[in-house]
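Labels for the chains are A, B, C, D, E and F, by order of writing; each one numbers its residues from 1.
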Amino acid sequence: MAAKLPTVLLASFVVILSLAAPLLAGDPDMLQDICVADYKSLQGPLRVNGFPCKPEANVTAEDFFFPGLGKPADVYSGNPMGSAVTAATVERLPGLNTLGVSMARVDYAPWGGTNPPHSHPRATEILFVADGLLEVGFVTAAASSRLITRVVPKGGVFVFPRGLVHYERSVGEKPAVAISAFDSQLPGTQTVADALFGSSPAVPTDVLVRAFQVDGGVVENIKSKFQHK
Amino acid sequence: MAAKLPTVLLASFVVILSLAAPLLAGDPDMLQDICVADYKSLQGPLRVNGFPCKPEANVTAEDFFFPGLGKPADVYSGNPMGSAVTAATVERLPGLNTLGVSMARVDYAPWGGTNPPHSHPRATEILFVADGLLEVGFVTAAASSRLITRVVPKGGVFVFPRGLVHYERSVGEKPAVAISAFDSQLPGTQTVADALFGSSPAVPTDVLVRAFQVDGGVVENIKSKFQHK
Amino acid sequence: MAAKLPTVLLASFVVILSLAAPLLAGDPDMLQDICVADYKSLQGPLRVNGFPCKPEANVTAEDFFFPGLGKPADVYSGNPMGSAVTAATVERLPGLNTLGVSMARVDYAPWGGTNPPHSHPRATEILFVADGLLEVGFVTAAASSRLITRVVPKGGVFVFPRGLVHYERSVGEKPAVAISAFDSQLPGTQTVADALFGSSPAVPTDVLVRAFQVDGGVVENIKSKFQHK
Amino acid sequence: MAAKLPTVLLASFVVILSLAAPLLAGDPDMLQDICVADYKSLQGPLRVNGFPCKPEANVTAEDFFFPGLGKPADVYSGNPMGSAVTAATVERLPGLNTLGVSMARVDYAPWGGTNPPHSHPRATEILFVADGLLEVGFVTAAASSRLITRVVPKGGVFVFPRGLVHYERSVGEKPAVAISAFDSQLPGTQTVADALFGSSPAVPTDVLVRAFQVDGGVVENIKSKFQHK
Amino acid sequence: MAAKLPTVLLASFVVILSLAAPLLAGDPDMLQDICVADYKSLQGPLRVNGFPCKPEANVTAEDFFFPGLGKPADVYSGNPMGSAVTAATVERLPGLNTLGVSMARVDYAPWGGTNPPHSHPRATEILFVADGLLEVGFVTAAASSRLITRVVPKGGVFVFPRGLVHYERSVGEKPAVAISAFDSQLPGTQTVADALFGSSPAVPTDVLVRAFQVDGGVVENIKSKFQHK
Amino acid sequence: MAAKLPTVLLASFVVILSLAAPLLAGDPDMLQDICVADYKSLQGPLRVNGFPCKPEANVTAEDFFFPGLGKPADVYSGNPMGSAVTAATVERLPGLNTLGVSMARVDYAPWGGTNPPHSHPRATEILFVADGLLEVGFVTAAASSRLITRVVPKGGVFVFPRGLVHYERSVGEKPAVAISAFDSQLPGTQTVADALFGSSPAVPTDVLVRAFQVDGGVVENIKSKFQHK
């Protein structure tokens, strides 16, 4: 894949990656029954750890509902990874604020659609294979860098410990679908290749040359695939 | 429903209720990458908060995998609620130990299959409707005892805050299926009717007479449906 | 008890129930010595998890003091439960904000005054019997729904684990008094009967018929006792 | 008070001080309904953060009960402080293990009985005056070392933030009694004078001379009152 | 040391003491990648637990940087302790907000420069000796008041558990320097002598007479050294 | 750099990388003053989250001391990164158990010695430049993958938020030295290149081809540099 990816495709791809695999874990405890995120406060001058709460009189059942995990995302047109993440975090499901959980749907193209190696800095992920066949894996942080990997069939569950790099790849004939949950209202996602080769400003080439033990041309070539910002 | 339910049916029903809707929330943080639950330690003299860890050399990918959420449970034969929970908590998925999440599948019979009012003392629950149509609701603990309720279609997500009583009911023509996640490795489930009318030993009838403002005959009648232990 | 309770009595009764058994547990850690709750902020547009802090120059010793646990509450006139809770949570004792504890006094009429089955979604409760004789109990969430119960004399202490349903009942000749503490600044209280039969809007009768295995008339009758909102 | 206190009196005094004012706060969350402390495990080779759990089959209601806060302690005979603490922490009330709370009763002699300046490293304390009249105070850690102090009458509640030095003193005609609660199963108590002048081995006199800006004779004199170990 | 210390010297001394040994521990978890403290919000009417966040567009690398731990502080002129603390907490390094850590540099005069007994209510401290030779110690809160003490050479590390009283003293020929870290963004520091004898308003002399078992003249004399506010 | 690195050099390099930048954050709270890690328990059958505690009678000041951060590590001979980490975590400093902090020293060769991109799954890192000149940076997990970077001189402090990828590089004429602290007793370190290209077993080449948008030859070449296990 020598050519630079079209910007418009990459833009949507970046959004997708940046939402990849939200999760659930270790948020502070709530101090009242509910504290629905008040998005309007974001337009004002004050932000807090998490979100301020809507006045309870304005809270409705809609605040605890998100409709969007039912439809498959497009994983084909101009999508180099063959996967797409649809997230239901506190940024879209305001009732999650202070509750310490979130969810996401991931769609994968058949035979190789890949959610590339990434980590969630603030959550463990538990993944349910709703359809298709997935190969999944995570790498331990211990000195041994051990890869724990397995093929997970439809109906199976797998777990990725908090903060560790992991990936999923479709290995079946039909599109795969995963429903993942996280123990954080906004787990964050750091896709390795994008963070290192697509950051803004760029990580210095010399740092990447040393880190990956390759020459500068290889680094520049990879950067060209991710320079989208 | 005057007759006492057959014991054998109730036994399975109790198991189902006791697993109802495990969830994810607020567990202590982990102190190493992984600490796979060592079930054998349960046969020894020592138990700890959570589970001890297997020696890492014995850990395999199987420890992070659970196959059993793919198949529907029987919600018809002798099941008075018309629902059944299949749990993937640390008691069955040892890799969850110290990671702060778990999952469950709930099956519901069409038109009225009900996961009756219950709470999870240690977790918030985020629920994904994988199939069918569910009416869901939770009650706030504030003085107003406000019911937050909605019908959730296939593909929709809803959240039940930690510790609050909630229920789900199938309101569609076909069986419903939910995939729920929790921010605890073992959220616990307390089904209201079973805890109050089916505990062992029994909660004194006088207490229940006062609590529900009914006469003793009504209490005894309800108890007869849940005296299964 | 066929007649509907007078509304005015129920109103006070509801307030009492809604405050029942505040407790102590698991709030997030504080980030400064003190953060006295600034109640005025509730009149403004912004709410947060817990309360904002008063400017330290305005803080006085009064903020850490609550006078009201010394006097018995009225547990006789029109009080169907024969018990009343006086709470000292962050809503009345602003210095508790961020500190993770609260207290309550519960008064019970002699021979049967009952704090009916309820749970605190965010705290464990530790109860000290200041006067009288109390029968207390809680039910475990495990499959066995085990009731742990005991009579506690004056001077005795008992503990109710976080999130589990529990009750207390006076079983002596004189009025009983309990001082309870909780590991949360606002533990919340969910009284089972009130949450299920007195919520607003109401939990559907069909759900309660299934949950309690009774016919609709019994459910409607109980609802009539708790329809106060 | 020139003479060294008799050893036998100091011994009991030390025990009392060391238990002074246990409290409630910030313990890790529980991972199951109950985990009653298994004291026998202390005789074995393995200790853990907190206590291991008794097998659930051995758990009884007695594990959640402590009878000993009803009787006044002796605050007169050979007690230089005129106060005594009776603690109900996890060390005596095994059911508290993993639950994050504890309690204590403090007795004070009339007119001056003092629970001397101390802190609890792991908990906030909420104090209820069950009898008598108490002057209480805590000092903030900020640069200003502000003393927040007040007289608390019978029935009043006051709170001491986690980790800050505080004291109570009886200022009424009759003996005072406090019931205190803490958000930790074992809050710990560090009585300032005892920690600095009575530790084993001793804090070097030079350090205390600098710290208190007095000469060595004064330090040695104070040490002689607390050299009891 | 009979004379009262000059006010101006005490003022700086107080600032130094109040910053002594900031640390790192147990803060609530963050809910987004970064939440840089917005100091301007302190001028407005609203404060929260910790600090509000700057809008992300205004965040720069400067927010995560603090230059000031490189230079030695003056520990000679009019400094009765012979030590000085330079803190890098959230109050000076805004990027630390929600991140749960902070740092400090402590300078000590040769042969006896002392960071007097103090505690950090919200953090454990881990101390690295960058230069010189330090004697360090902490006292356990258990009944035994055990002093754990050692001389730590250049390059050595020592740890003081959260909330326990500790001190450091230079015992070498050259000035000593320590770099300490804490598991809290603002650990707080309570210097024992200053809190008890220099608070504003003053702790009653009677309380201190009882607590330290000395006569009132000694207490008044010590107070005269710390009455600076 | 076409040739495969000598195995023996890589082995030590791997150990160094695997210890890179331990940190401090979010561990569970302690339940007693101290719980010194009992390493002997690792030889027995039982492991727990963290470590069991030594009997207190066996605890000495040595348990809280680590001597090894004073000496520079070798960053020249056969070290492709030009950096080396010496860690003082709970695995070497047993007194850190349950206390929530740790430290590390990092040495860097002049002009380009690099601690390559890595993350700590369980801690924020606060870094003090003890000598030399360091360029440091971290990448946010948000969609923008923003790089926050700066040159930090001797005496400066910088902070890397929990779980985010970061790096440091010496940009001065003399060797650089950093002292880093973390809010976890064992923060874990996941070096990106080593985790993805050096894991055991290996991450499938197809996954890496997709993730980095390069051809298989490039992936195989990088793997050859990290195949050391």
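In the analysis below, a residue touches a chain if its C-beta (ideal position, glycine included) is under 8 Å from a C-beta of that chain, and two chains touch if they have at least 3 such contacts.
In UniProt terms the chains read A, B, C, D, E, F = Germin-like protein.
Please read these numbers as outputs of a predicted model, since none were measured by experiment.
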Mutual neighbours - chains that touch chain A and chain D alike
B, C, E, F
Among the other chains, which touch chain A and chain E together?
C, F
Could you work out which chain's C-alpha centre is the most distant one from the centre of chain E?
B
Half is the threshold here, strictly exceeded: which of C-E, A-E or A-B has more than half of its contact pairs identical to C-D by residue number?
A-B
Provide the C-alpha centroid distance between chain A and chain F, rounded to the nearest whole angstrom.
24
Per the C-alpha means, the centres of chain B and chain F lie apart by a whole-Å value of 41
Chain C-chain F separation of Cα centroids, rounded to whole Å:
48
Touching at least 2 other chains, the residues of chain D are 26-30, 33, 46, 48, 50, 121-122, 141-142, 149, 161-162, 164, 188
Mind giving me all the chain pairs that touch?
A-B, A-C, A-E, A-F, B-C, B-D, B-F, C-D, C-E, D-E, D-F, E-F
What part of chain C is in contact with chain D in the complex they form?
23-27, 29-30, 33-34, 56, 59-62, 64-71, 88, 93, 95-96, 99-103, 124-126, 128, 130, 140-142, 148-150, 152-159, 161-162, 164, 179, 181-183
Which residues of chain C touch chain B in the complex?
1, 5, 14-15, 18-19, 26, 80-82, 112, 114, 116-117, 119-122, 135, 137, 139, 141-147, 149, 161-165, 167, 169, 188-190, 192-204, 206-208, 210-215, 218, 221-222, 225-226, 229
Residue set of chain E touching chain A in the complex reads 28-33, 35, 38, 41, 44, 46, 48, 50, 52-55, 97-98
Chain F residues touching chain B in their complex are 26-28, 45-50, 90, 121-122, 184-186, 188
